[in-house]
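All chains are identified by letter, namely A, B, C, D, E, F, G and H, in their written order; residue positions are counted from 1 within each chain.
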Amino acid sequence: MAKLHGHVTINIENCKGCELCTDACPQNSLNMSKNINKKGYHYAILVEENCTGCTNCALVCPEAVMTVYRENKNRIIKPAPMASIDSKNISVSIS
Amino acid sequence: MKKRVSEKILMKGNEAIAEAAIRAGVKAYFGYPITPQSELLEYMSAQLNSRGGVFLQAESEVAAINMVYGAAGCGERVMTSTSSPGFSLMQEGISYIASAELPCLLVNVQRGGPGLGTIQPAQSDYFQAVKGGGHGDYNLIVLAPNSVQEMANFTYLGFDLADQYRTPVLILADGALGQMMEPVVFPDYDIVKNKVDHSSWATRGKKDGKQHVITTLHIEPEKMEIINNHLQEKYRDICDKEIRFEATKTDDAEILLIAYGLSSRIAHHALELARDEGLKVGLFRPITLYPFPYRQIRALTKKVDSILTVEMNAGQMVEDVRLAVGEKVPVHFYGRTGGVIPQPEEILEKIRAISIAPQMEKIF
Amino acid sequence: MSKSIQSVQCEHLDKMDIVWDRPDTLIDVPMHYCPGCGHSVVHRLIMEVVQELNIQDITIGVAPVGCSVFSYNYMDVDMQEAAHGRATAVATGIKRVLPDKIIYSYQGDGDLAAIGTAETIHTINRGENIVMIFVNNGIYGMTGGQMAPTTLKGSVTSTTPTGRDLSIHGHPLNIAEMIAILPGAYYVTRQAVNSAKTVRKTKKALLRGFKNQIDGKGGVSFIEVVSNCPSGWKMTPLQSNKWLDDNMLGTYPLGDIKVPEKIA
Amino acid sequence: MKQEIVIAGFGGQGVLSMGMTLAYGGMVENKDVSWMPSYGPEMRGGTANCTVILNDEKISSPIINSFDTAIILNQPSMAKFESKVKPGGQIIYESNNILTPPTRSDITILDIPANKEAVKLNIKRVMNMIILGTYLGLNPVLKIESILKALTKVLPGRHHHLIPINQQALERGMELATQPTIM
Amino acid sequence: MKKRVSEKILMKGNEAIAEAAIRAGVKAYFGYPITPQSELLEYMSAQLNSRGGVFLQAESEVAAINMVYGAAGCGERVMTSTSSPGFSLMQEGISYIASAELPCLLVNVQRGGPGLGTIQPAQSDYFQAVKGGGHGDYNLIVLAPNSVQEMANFTYLGFDLADQYRTPVLILADGALGQMMEPVVFPDYDIVKNKVDHSSWATRGKKDGKQHVITTLHIEPEKMEIINNHLQEKYRDICDKEIRFEATKTDDAEILLIAYGLSSRIAHHALELARDEGLKVGLFRPITLYPFPYRQIRALTKKVDSILTVEMNAGQMVEDVRLAVGEKVPVHFYGRTGGVIPQPEEILEKIRAISIAPQMEKIF
Amino acid sequence: MSKSIQSVQCEHLDKMDIVWDRPDTLIDVPMHYCPGCGHSVVHRLIMEVVQELNIQDITIGVAPVGCSVFSYNYMDVDMQEAAHGRATAVATGIKRVLPDKIIYSYQGDGDLAAIGTAETIHTINRGENIVMIFVNNGIYGMTGGQMAPTTLKGSVTSTTPTGRDLSIHGHPLNIAEMIAILPGAYYVTRQAVNSAKTVRKTKKALLRGFKNQIDGKGGVSFIEVVSNCPSGWKMTPLQSNKWLDDNMLGTYPLGDIKVPEKIA
Amino acid sequence: MAKLHGHVTINIENCKGCELCTDACPQNSLNMSKNINKKGYHYAILVEENCTGCTNCALVCPEAVMTVYRENKNRIIKPAPMASIDSKNISVSIS
Amino acid sequence: MKQEIVIAGFGGQGVLSMGMTLAYGGMVENKDVSWMPSYGPEMRGGTANCTVILNDEKISSPIINSFDTAIILNQPSMAKFESKVKPGGQIIYESNNILTPPTRSDITILDIPANKEAVKLNIKRVMNMIILGTYLGLNPVLKIESILKALTKVLPGRHHHLIPINQQALERGMELATQPTIM
């Protein structure tokens, strides 16, 4: 399967420089900045263009500072309401 | 819910609290067995589930008080009951409930301590009830019934005060009041009218986009102080408005008995005996132990020559009496401990002694 | 939220799909946790599940005393902060008066498996229909790294300065296995959050747990998450996640322990 | 008028319900009443007792230590309560269960073979009603109708069919009151 | 056991208690982590097992206090320590320990409440400590150190008093005293000379055919009252003999500060500032909060014009001060709550106000 | 002890051996228990074992709060009366300062399996070298017959007037099976005292437990004794012992649950 | 195996009339007395001479009021110290 | 003479041990001393601080709210403590970590590139000793020997071999004190 092209943006001011994302990225697309943010942390940055949008970095990031983009192959996996629940009857239908 | 007419029935005090609570719309009762309050729990187990509420026997008093915290945090009328050792176990939870300002009703049907002690009636948890057995600066509203009828009445009152001030209310009873039967009539009670709407703060699922949080943690001391200032203000308000007491034959009294709960009944008997002997004795009964009727007692010091406080303990409320009286008149104390109930004749004896030599007792 | 400029720019973001974003149910404030702490991940996963199940308005969470004591600052549902160890008693109180609401408790290992042991066992034994989330980091993070019931044999903590000695301090407590034998435990699983793979599985487990409750399945869904505590373990986040793999999972193996209709 | 009664015996002898019936009867006649049990951990072989106060006025203290009447159904209770009867008061006791009768001479003492009589009536459980009848025969403080009404409150619904036999027992007890062995 | 010389070392108050306890021959320490006392537990975990005792981290404060009960019942020197919420959880156990007359040392390094509150220093568990947070009539001997040196000294003293009176002794400290470092010298302590032989009552295996039983159950109220009378007698004895206090510049004082523990240090600073301004201020520091120095304070009312009580709470010890003072002189109060520490300047401000208008405050 | 005259006289008692007599370690006073109560039997068996092992002078027992709260009046060894639920914490305190003494705790089901659950689990998890005796009569005897954690499904008690409803009150708690999985549990067995046969086996189990401790075997010897409560069950003693056979043992089957070196 | 001849004596004042012994006796040697003791209980009595000294009654008796005798066939099973323990070394030898 | 100092920065910057070294040094010279940390749940990213009092007389209150000297190692601490320095007092801060320098004009302000200097000395961890050196250079309240003696107490035995490099750092810091950027 050909890899899709992806991208991530990072809210660097909330990054705590834990390095978990850089370690989790299978593409080695991320690295830690030499600069520090206002809290004094070296923050993560995207340094390679080979990101596939696999979301690994976002999944492990404790601060949830990532937004991950991926080329559109006609499907959307954004964690929007996948299920709807009728709060009165407490019955669920997964869409 | 069964419709009940307000007829006079013979009931144990423990049961009267349970029945009144159900009539007051209690939504949940959490408790753990302990003599001499178990009838309250048992009555709830038999009735509550079919009369609109939930009864749950908890695994311990610690669990019970924290279940109360959870359910009260949802804005529902909830309660627990126990006796002395169990009440000690609840102290952490009570401090949390007071701090989070959760309305609920607590009942301590006291027995003789300290330790496992006896199961006989006592009043030796007075300090624990009114000065705060848990950590931190907080108070409970403390109601002290002295009859089965009042066990019922104060249950209504307790729920109402709890709702009104968002505060835990304690009914401080004793084994005798819990176990004895007397006639009781349950006054009509309009749940709908009396129940306060707590939906502005209670956790019932995010409402209108606003998150509700019940917490007692305010890690910045300055913020915690704001909480404390608010609590203290509320307590001052309660002290202003909610003091309750009963004065009997105080108009011409020379010797004033001060007693609450069961002791006040016994003291009343002693009063009758003393009046029979021509001794001018009055009786002052604090009904709210917190807020304590300091001012009302102090006012009486203008009339009486001396005061005799009677308690079923080694001398606890007498400290509050002394705070009220200052050095206006001598304050004497008579108490029995460990579950022993003072006899009217013993009190009479003490009254006689005071009437002869009403000197100041050595306090310290 | 202000996204800052990246080193690598992307010209055609507008033509791409957002495939992952911070859930709206996670309040947009910085968390107080140490860098790399697993609590943050678990919080996010719970909120993702709440969002996906569309139950934000009927969910009430119970926070413990432990590092996650402030979790109501992050999880945007109604919450109660319980006394140390009593989260499940509080959750019971809530569920009993509001049986139609979705209730979860969130606790650390000190909270759930030490001081709260009795409440844990009896909440499960009563089969309360709630989700219990148990973050096992093998240490008391909040109070500065003392031994927890789940601390591994030989581990150095601030109260086992020469390592946990089984003959003095007893054994690491496998509480999930223990409670799994109770009929009131409906679903018992142990997951982790130290890699993208384990995070995905934890999310699935949480989803399953909440769905159990929604479906009114009788009993507790107990979801243990083995997590790190870089500060308490005195490691970097990366070291801690590796140490978790190499050491914690031997004593606390991942996977379902009890699934409806069968005991694994 | 005020009546202060203690009823004492073994746990299983219906001591508490006898007291409750009396108290309820008082309430039926609009007296103020109180009923106070001994309570505690179940220790069979120990004694159970209750005190009942009937008063035309409001009762002040429900806690009393001396009694107008003591109804005694076993030996240990005799030891405990004989001395607590007020001078001029009375003890009513069940003959079979008492090996050492009371010795006080300043009170009225009645010895009722209630067990035997109950056996005669074919229901052992009404022994306590026989004694209660004797008490009321001797102390006409309450009407028998009030006691019967009380029984409808004290007995659970499923036992209401037993009220007639209880009435019989009460009446037999009242008869015995007129021919007691007064010492 | 390592031989240690009595050199001056810099230490946290929490550690000083731990080190002193080890030097006093503590045989077992049972505790549970809680800020701001955890260093005490941690010090014990590092040292006690290799210095003649047993350290055990309990599963909770409830377990810890009951482990203390068990070990103290064997006549050994034992202790626990905690902070406010944990101390609330111990109340049942403490009532049992007091009732069974088991000697042991308890430490409460207070933090701001009520509820979870803050972890900052407070003195809001005063009532709980001195009036009995548990059920029943009992008291603890309560020692209030105000320096790291006293944290050490009172640990020795606490064990000795506990042994002598067969009673639990509480060191009531606060987060600041626990966390701060000051120089401390550990006085020599002769364990052998000081340790009381408890073999006449302790459970160590039937000795000489005599069964020893530790119990707090006395199901006959009359027997329980005997226990209570004995306890009350012991407390009177303690009140006669064990009152400790410190008076600073009280000879010429017009305004008397009364404060204990950390507050007394701050009040002392305020005293210095006030004296600099020519205000005649003295400081009275209760060292034993129970027994409370009522008589000593009352004696000072002959000299001073007014009293200012300073506490890190909403007003607790001030009640005991009022009991002591009666109506002799006005009693004022200054307190901060929730972990906020009063500043010397704030107290100075209050002193200035009183010096201008020393009128009686409204109490009730 | 004054032996009273029997209906059947025996002329040559002096030529016979006494093959069973009240142990000297059982204090010669009448017990306060209800007629037929199993507590009395368990007390006696413990004292027989203490006598046979000749450890009376080095044994310290811990009494609970429950009907056996007065057991120090009968068992002639040094004893401590613990707060409700805390017997094993107290026993831990004793054993830790007097490791050479023989320590046992004695608890009812409310004491051990409700309020004392945390202490029970953690004492066992620490592997304290003590004997824990657990008298399971499925009810709170002392306080007048309320539901215990071990009360059977459907059983009427004073707090389950229409029978224990699993959906409200949860399940009868098989705590022995639960704690058996803890490494600190060295020997776990369930016995009864409702017949001569079961009494004999209980005695053997107790003997084994105390010997484990004497031998310094690491861990708790946990001896559950399924017992009756004629008063709480509202039955005659004979009925209660039969009911125990017919009902209790289905939920609480007798036998060893964990024996050294193997888990049954 | 021929049954041995046995006998039991009963401290009737401490008997609580629970009837467990009569039920446990394989020989039906015991019965409840028509009389009551001082506590008011109908106490157990030996009514048959066929007692074998099997001890069943004693084992089930909650009040431990039995003493059981049996013909001497040169063995003694009295619950005397079967094991001795050196309280210092905590080692046990079963005799 | 009394010195009231606050030292504030990130948790990992050696803030607490710098304070302890100073306090111990004071004790070596027979001053009364006190050291009070900020304490609490471990929240990295937050600030840690401690206050140290050195006094030739007995210290009354160990709780102080204004300081003669503030040693500031990160930006959040600057925000917190700048205003709490007594008029005429001083702030010493680490250049690298401060983006917005203090603005008060009634106090002495020193900007020390301690991190850079530490890198030069090849041990990053002695950054705090450089700053301490600067403090002592400016405020000769304690002898350097006392600080070195203090280090033998504060440093665990296994780190005693680092004392010479700490001494170097202290001395470098004292040098910097003579050439500070005083604003």
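By our rule, a residue touches a chain if its C-beta (ideal position, glycine included) is under 8 Å from a C-beta of that chain, and two chains touch if they have at least 3 such contacts.
Just so it is clear, the model here is predicted, and its values are computed rather than measured.
Chemist: What shortest step count links chain B and chain H in the network of chain contacts?
Modeler: 2
Chemist: Keeping to the contact definition above, tell me which chains border both chain A and chain D.
Modeler: Shared contacts of chain A and chain D: no chain.
Chemist: Can you name the chain that lies farthest from chain H, using the mean of each chain's Cα atoms as its centre?
Modeler: D
Chemist: I need the chain pair with the most C-beta contacts, please.
Modeler: B-E
Chemist: Chain E to chain F: how many Å between their CA centres?
Modeler: Computed from C-alpha means, the inter-chain centre distance equals 41 Å.
Chemist: Could you tell me the distance, in whole angstrom, between the mean C-alpha positions of chain A and chain G?
Modeler: Roughly 78 Å, centre to centre.
Chemist: Can you give the whole-Å distance between the Cα centres of chain D and chain E?
Modeler: 55
Chemist: In whole angstrom, how far does the Cα centroid of chain E sit from the Cα centroid of chain H?
Modeler: Result: the chain centres lie 34 Å from each other.
Chemist: Spell out, as numbers or ranges, the residues of chain F touching 2 or more other chains.
Modeler: 30, 33-35, 57-58, 69, 81, 83, 114-115, 117-118, 121-122, 142-144, 149, 169
Chemist: Provide the list of chain D residues touching at least two other chains, using ranges where the numbers run on.
Modeler: In chain D, 40-41, 44-45 touch at least two other chains.
Chemist: So which stretches of chain G touch two or more other chains?
Modeler: Where chain G meets two or more other chains at a single residue, that happens at 16, 39, 41.
Chemist: Would you mind writing out the residues of chain C in touch with chain A in their complex?
Modeler: Counting only chain C, the residues touching chain A are 1-4, 6-8, 10, 13, 15-23, 26, 30-31, 33-41, 44, 48, 51-55, 57-58, 100, 102, 193-196, 199-200, 211, 214-216, 230, 236-238, 241.
Chemist: Show me the residue ranges of chain G that touch chain F in the complex, using the header's touch definition.
Modeler: Within the complex, chain G touches chain F at residues 5-14, 16-20, 23-24, 29, 33, 39, 41, 45-49, 51, 53-72, 75-85, 87, 90-92.
Chemist: For chain D, which residues count as touching chain B in their complex?
Modeler: 20, 23-24, 27, 32-37, 39-41, 59-63, 65, 153
Chemist: For chain E, which residues count as touching chain B in their complex?
Modeler: Residues in contact with chain B: 62, 84-85, 87-89, 91-92, 95-96, 98-100, 110, 112-120, 122, 124-125, 127-128, 131-138, 215-229, 231-232, 239, 294-295, 298, 313-316, 319, 322-324, 326-327, 336-341, 363-364.
Chemist: Show which residues of chain G lie in contact with chain D when the two form their complex.
Modeler: Those residues of chain G that touch chain D are 16, 38-41.
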